[in-house]
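The structures come next, written out as structure tokens.
Heads up, the next two complexes both have subunit A, just with different partners, subunit B and then subunit C.
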Partner chain A sequence: MSNDFAQFQDAFFEEAAEHLAVVEEGLLELERHPEDLDLLNKVFRSAHSIKGTAGMFGFNAVAQFTHKMETLLDLLRNGQKAVTPSIADLLLKSTDCLKTLIESVKTGAAVDEETVQRLTMDLASASAADSQPSGTSEKKKDGAPVPGRGITRTYSICWTPPDWLFQRGLDPLQIMKELRCLGNLTKVSLDVSRLPHLADIDPEQCYFSWELQLITEKDRQVIDSVFEFVREDSELSIELIETTSEPPTASISAIPTVESDGPKPIGQILVESGVVSTGVLDQALAQQKRVGEILVEQKAVTPQQLEQALQKQRQQESTAQAKKTDTASIRVDTAKIDKLINLVGELVITQSMLSDLGTRFEMNQLHVLLERVAQLERNTREIQERVMSIRMLPIGTAFSRFPRLVRDLSAKTGKKIQLVLSGEETELDKTVIESIGDPLTHLIRNSADHGLEPPEERLDNNKPELGTIRLNAFHEGGSICITVEDDGRGLNRTKILSKAVKQRLISENEKLTDEQIWSLIFKPGFSTADKITDVSGRGVGMDVVKRNLEALGGTVSIKTAPGKGTTFTLKLPLTLAIIEGMTVRIGRETYIVPLLSILESIQPTREAVKTVVGKGELINVRGTFLSMVRLYDVFNLQPEHTDPAKSILLILETEGERVAVMVDEILGQQQVVIKSMEQNFRKVEGIAGATILGDGTVGFILDVRGLLEIARREIAMAA
Partner chain B sequence: MGKTALIVDDSPTMRQMVSFTLTNAGFTVVEAEHGKDAVNKVAAGPKMDIVVTDLNMPEMDGITLIKELRKMAGFKFTPILMLTTESAVEKKQAGKEAGATGWIVKPFNPEILLKTIAKVLPT
Partner chain C sequence: MAASTTETATKELNQRIGLTSDGSQFLTFNLGDEFYGVDILRVQEIKGYTAVTKIPNTPAHIKGVLNLRGTIVPIVELRTKFSLPTIEYTAFTVIIVVVVQDKVMGLVVDSVSDVLNIDAKDIQPPPKFGDKVDVTFINGIGKSGDKLVALLDIDRLLLDSAVKDSSKDLPVAPAA
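Now for the complex of A and B:
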């Protein structure tokens, strides 16, 4: 449609996604409460919004498909049709289809035309008696012959508007003005014969009629459109009384006609002027060759060269497309921005107060300076919090897809399952929300398939037939916790152990704590499902869950009670850009260790350190031997202590593995902003990123995973 | 021009587009999410030169909003345009009866929007 609106496309995609979520949630809810009219209205409105806005961007496939859905929804909300399970199902499938349609206009991905066609037919037949043509396509006027330039016509117009004209905010003067824009208004006479006596005049009524004569180049339709809003309620006659081929006289302030997207192709002009027919033109066009083909025929390029060039072109096209889709936008509550602007204002005030103090500073004003600096610190902290909060979204957006998932799982497994959501308003970073969807999906599938028992088994165990999966989110300190809880059979200790032994994950007589046993289910390839079902049991999933979470700097833990259920608790940082870190010193260098990975810090006795052939240096921590990494060795530093008994050992954990890292001193805890090494320098092994410390120097953030690998490799080399 | 327009639509994208077009044409724009929001916003005082409203909205739909506005002294003769996807007669009729000045059928482009507004805007 218009290029002016193209800049709002991203906003449309974002909004459409929200509407789709509303439609989907609403439909699921409707299955349970088919009579809920408010709900139906809400779903209808969302579909309607998508249709209207999609039309604005010329996304006709989307608009037309949504129109079909809307027609059916309209019948439902008017009570002409009832919400049956099959209709709900059809609408849900259509919602999925609409999603792919929208996705396809966004990314250019292909659409399964067949599904679209089939669903369109299904929707039409479900709406049965509906025979309305698509309401999205506005009637086009370009079929009418365009009046030739220079031909002027004289029209006689008689208009008696309805007496309530003013009450609709209409002004006859406006209409006169618009007519004058069309050409020469040669005669305007006002008929006041209907005007009552002064005492009886209602000033809000229109008593007048007009007789007008208009000389114009424009045709009747244009004049008609001037009266567009009143035509149906007025007495109106527009008669052509004269046609002349003279150019219009006098000064006509004709509005410029809006058309032409550049010159027409020659073929079209020839067809229009009647030189050739469309058929002949099409034949000629079919014979037309591509530049590449001609060049190959002339032997200017080889077919291989041409193919390479074409490939390059395609690549460029696809990268251009990829670039386009990469930009993500975020919608922010204006209140949040207003607060931010306020705070920036305060920051500016503090800054000017400080610079004022700086110009005439004397030592006795030190306390003032400290006070101002404290104020600056407060401002900075608040701004930091506010800016972070802009990226924060309620987790409900990630939860919204699960009611549908559980409905489908319930149908597939034949179990009755209800999903209870809570804490949807808990806010966390947008990137975290986007990445948390998949792990949660896995966990819910797992709960539905392994956790909950079939209905008969539940009844046998005196449990309600309806199984419950609870999804909850809440803040805890600087992190967010998400729990997935089911009231199913709980994890089976013996089954997990025997399976783990069978798969050689552990040896037969290994003593394990409960926690260690539960964490076995996160090992790659582990599955206790007796048969592989459509839902889960292939042993992919749980290890992916753990990996995904760790990539986000989070952890997952399990609580379970036999016969009562299982709870998975995911703990995630609020944001990825700032971490809580422990600053440590080695020699004269400062490093930062992510606080989440620190279990404890100890100062070992000399006897606790052992060197074992093939395993390197080990440290005995209350009976468990952990491999020890001397950080100064890894990073080639000059340490203060080389004796473990004099230095500090940090026990770090990642992905269930522990390692002891030797440092000189622990300096303290602080929040650090992560600056990427890859973006600013290159990847360095054992380093996750860098940050700027309080004194202005650069500090490196340790990558615990990487450190473990370094330790392992050194042992292998030494062996 | 220095005129003020009230835009009522529950779709933020739609609001942005209308608002963008009108702001570029020199209007001061007040946005409202639905009828109730609009009534609250105009109750606070600002006088509007034109109102552009969607019809299907939560809380209070467009037709009710038009009726409410026409009851208010400051809006008795203010031009009110409705944005509608339906070219259906009954919607137009209901709108007219409520006191709508005119309508703009979605989808529209900026020129049509501005032209239609110019058509009804008192000078």
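Now for the complex of A and C:
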């Protein structure tokens, strides 16, 4: 939206997302404790907040829909209705719908109007069944809220500002200017009929009213928002007089309907008065055709024209979406910031003490100097930790969506499942939290579908009918561990093996360790499911888990016992901004290799190196041949040694591929802060980023993947 | 609501203080016997030359990167960029840190001289030097007293060469 409210709107979306989460969480909880009034009140409050703010911003579709939900919630709260599973389900579905509605306001994406209509109706009938809905003014749903580009509309605007306009320092001229920014203000006429005699004039009162005509491509909402601050007490009418679209069929499903406090949809009235049932109405609604189809039937347009127009519409939608870029923001606990400010204060004191000492330094004060430097060190370290902690969020934010997921999975698979969460307060980097959601979703789906047995089978095996999935997060060393544990049947060794042989991932008489067998399930396309359900079985999920984790610099491991269950353990770095690195030297240059990708380092014998035409150099590491990359070759550096027998080979692994990289010397291991190269320069091939080394100079961090690509290209060129 | 007015105000202000390329103050520096100038408003700071870290597989005029108080700043060797012979660095060799479209970059020059006021009327469009000298990166020639200063178009100069990964720029040959 191209007005000044953009920044407030962002705040609205953020807030709405939080409230939605509260609503969803509360509803799930309510299913289990239907009589918990506190919970119901909490849900109600959040829904009410969404309605209030949405209304304030003029997101009428959102406000109206939330209002419907609120009406039902209010009835539940007053005890006029009980929380039945069907009502809870309806409310949950409505929450989903509300989510898409808000999303559509944000991105301009189209909403499934039918679903909205149906749910609105369901909500209304659920509230209406045995008590009157409390004076709801149902508004007609607006057409698909696609602000069609290329469609110009002429609006007639009549505005009588409130008397107090000037008293509050508001300037009608600003509004005119704002309107002019929206389009072509063709007619502006001032009505002075209310102006009293000069003697009676109160100079602080506004006696004017305006009649305006605006030709614009923007829709009503945008115009409405111009009057945001003066709407109170204003007499304002905005009417659409004319719509012209450049290609006449471009907006077939985006016909702007003038919004008014008009009558209810006829269907709803019929249902309410008991003439038809919702089912009949739904059928009738399903028969309703879209404008485009009708036009085709009447031969007003050809199907080709329609298709073209629709395509145009989709394009407009997608460009509109592409324009919206998410500005990443983070909410920080004020206590964290206060602590940080304290620490900075201490740092300033230490610094002034040091400079004070520096101005009149004598050799016998050396111990004082060392003491102060030590203090400075302490300060710096603490500040570093605190600043890092600002990016840290409790993982609970990522966990919160899973209770709903498990509930739905339980319904879909017909298994009884409970989800036990623990360690939600464990903090980790915001970016990691954002990218961990997907892999966890796949793991939980997998556990629910494959891991847990159907209730009968569980009872047969003397297990409780209720299956349990545990999700736990905890710190371990410098990393964070997340475990997904189920008490299901465990991985089936023979089944995995036979499937792998069938899919030619391994040969029949290959000897594999348990770990190697378990890791087969992460291969793309691998699935032991006998049938493909809509939950899982396509063999995509686990592959995604592994790849996402590797992108984050993490690992995944499996523990399983037949009949007892399976545990997936994800190990992730606490933050993406700092990595553990190995510093290596080539000639006079220092490079940093991410420690996670190093398997081992060896000093090869001269005989171990072989040159193969078209494959470059290979190195024999205990019987396996790996391709060898001379780092100085790839980076055009001046090395100390060109003889592999005198250098060090690092065996690196990335995405399951191994490569030996030749360097002069290993200098040591240290934590490095990743700095962006792109910020002031551009991406350099083979380099993941830069860092500041101990002596203040810049060192580069190797991008193992990119390195492999360069090496491969060079071999191809040489061949 | 007042965004449109603020915008015009900023634009006016910018024009008044000369934030556009017709700014009237220039930082001048030497490369060999020639004087060059850059718009003073684009200069963030001037610092003495310190060793840089070479970036592998980049054109010869990209000297390397420098740690400027925690930010990684690429350094361009202007002599190489202008195909002048390289010389030994002296105590006068400095890095002029400039801002080009939100990117911070450094230019290695022989020495800085001073800040000159040059009126718009004293700036002439770049002459055609003939085929030998590349005038692509020259905005104009400014006259101050008896000095002639070639005013650099640093946007073009730096964005063109440093940021875009142009395939024309061949990687540095390994030092034999």
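By our rule, the second predicted complex is superposed on the first by the 415 of 719 C-alpha atoms of A that agree within 3 Å, B and C clash if a C-alpha of one lies under 4 Å from a C-alpha of the other, contacts with A are read in each partner's own complex, and residues count from 1 in each chain.
In this text, a residue touches a chain if its C-beta (ideal position, glycine included) is under 8 Å from a C-beta of that chain, and two chains touch if they have at least 3 such contacts.
This structure is a prediction, so every number in the text was calculated from the model and none was measured.
Student: Pick one for A:Gln174: touches subunit B only (first), subunit C only (second), both, or neither.
Tutor: Once the two structures are laid over each other on A, A:Gln174 reaches both partners.
Student: For A:Met56, using the defined touch cut-off, is the partner it touches subunit B, subunit C, both, or neither? Pick first, second, both or neither.
Tutor: Only subunit B is touched by A:Met56; subunit C is not.
Student: Which chain, subunit B or subunit C, ends up touching more residues of subunit A in the combined arrangement?
Tutor: Counted on subunit A, the partner with more touching residues turns out to be B.
Student: Considering only the touch criterion stated at the top, classify A:Glu589 as touching first (subunit B), second (subunit C), both, or neither.
Tutor: second
Student: After lining up the shared chain so the two structures overlap, which partner does A:Asp36 touch, if you call subunit B first and subunit C second: first, second, both or neither?
Tutor: Neither partner.
Student: Scan A:Gly699 for contacts with subunit B and subunit C and give back first, second, both or neither.
Tutor: second
Student: Counting only touches as set out at the top, which of subunit B and subunit C does A:Glu211 meet: first, second, both, neither?
Tutor: In the superposed model, A:Glu211 contacts neither subunit B nor subunit C.
Student: Return first, second, both or neither, reflecting whether A:Glu424 touches subunit B, subunit C, both chains, or no partner chain.
Tutor: In the superposed model, A:Glu424 contacts neither subunit B nor subunit C.
Student: For A:Arg45, using the defined touch cut-off, is the partner it touches subunit B, subunit C, both, or neither? Pick first, second, both or neither.
Tutor: After superposing on A, A:Arg45 lies in contact with subunit B but is clear of subunit C.
Student: May I ask you to decide whether A:Phe229 touches subunit B, subunit C, both, or neither, giving the answer as first, second, both or neither?
Tutor: both
Student: Just to be sure I follow: which residues of subunit A are touched by subunit B in one complex and then by subunit C in the other one?
Tutor: Of subunit A, residues 4, 174, 177-178, 229 contact subunit B in one complex and subunit C in the other.
Student: Please output the residues of subunit B touching subunit A within their complex, sorted ascending.
Tutor: Touching subunit A from subunit B are residues 10-14, 16-17, 20-21, 54, 56-58, 70, 76-80, 83, 85-88, 96, 99-103, 105-111, 119-123.
Student: Quick check on the complex: what are the subunit A residues that touch subunit C?
Tutor: Those residues of subunit A that touch subunit C are 4, 174, 177-178, 181, 229, 589, 634-638, 675-677, 679-687, 690, 692, 696-700.
Student: Note which residues of subunit A are touching subunit B in the complex, please.
Tutor: Residues 1-2, 4-5, 8, 11-12, 14-15, 42, 44-45, 48-49, 51-53, 55-58, 63, 135-136, 138-139, 166-171, 174, 177-178, 204, 226, 228-229, 233, 258, 331.
Student: Subunit A touches which residues of subunit C in the complex?
Tutor: Residues of subunit C touching subunit A: 1-5, 51-58, 64-67, 70-74, 103-105, 162-165, 171-175.
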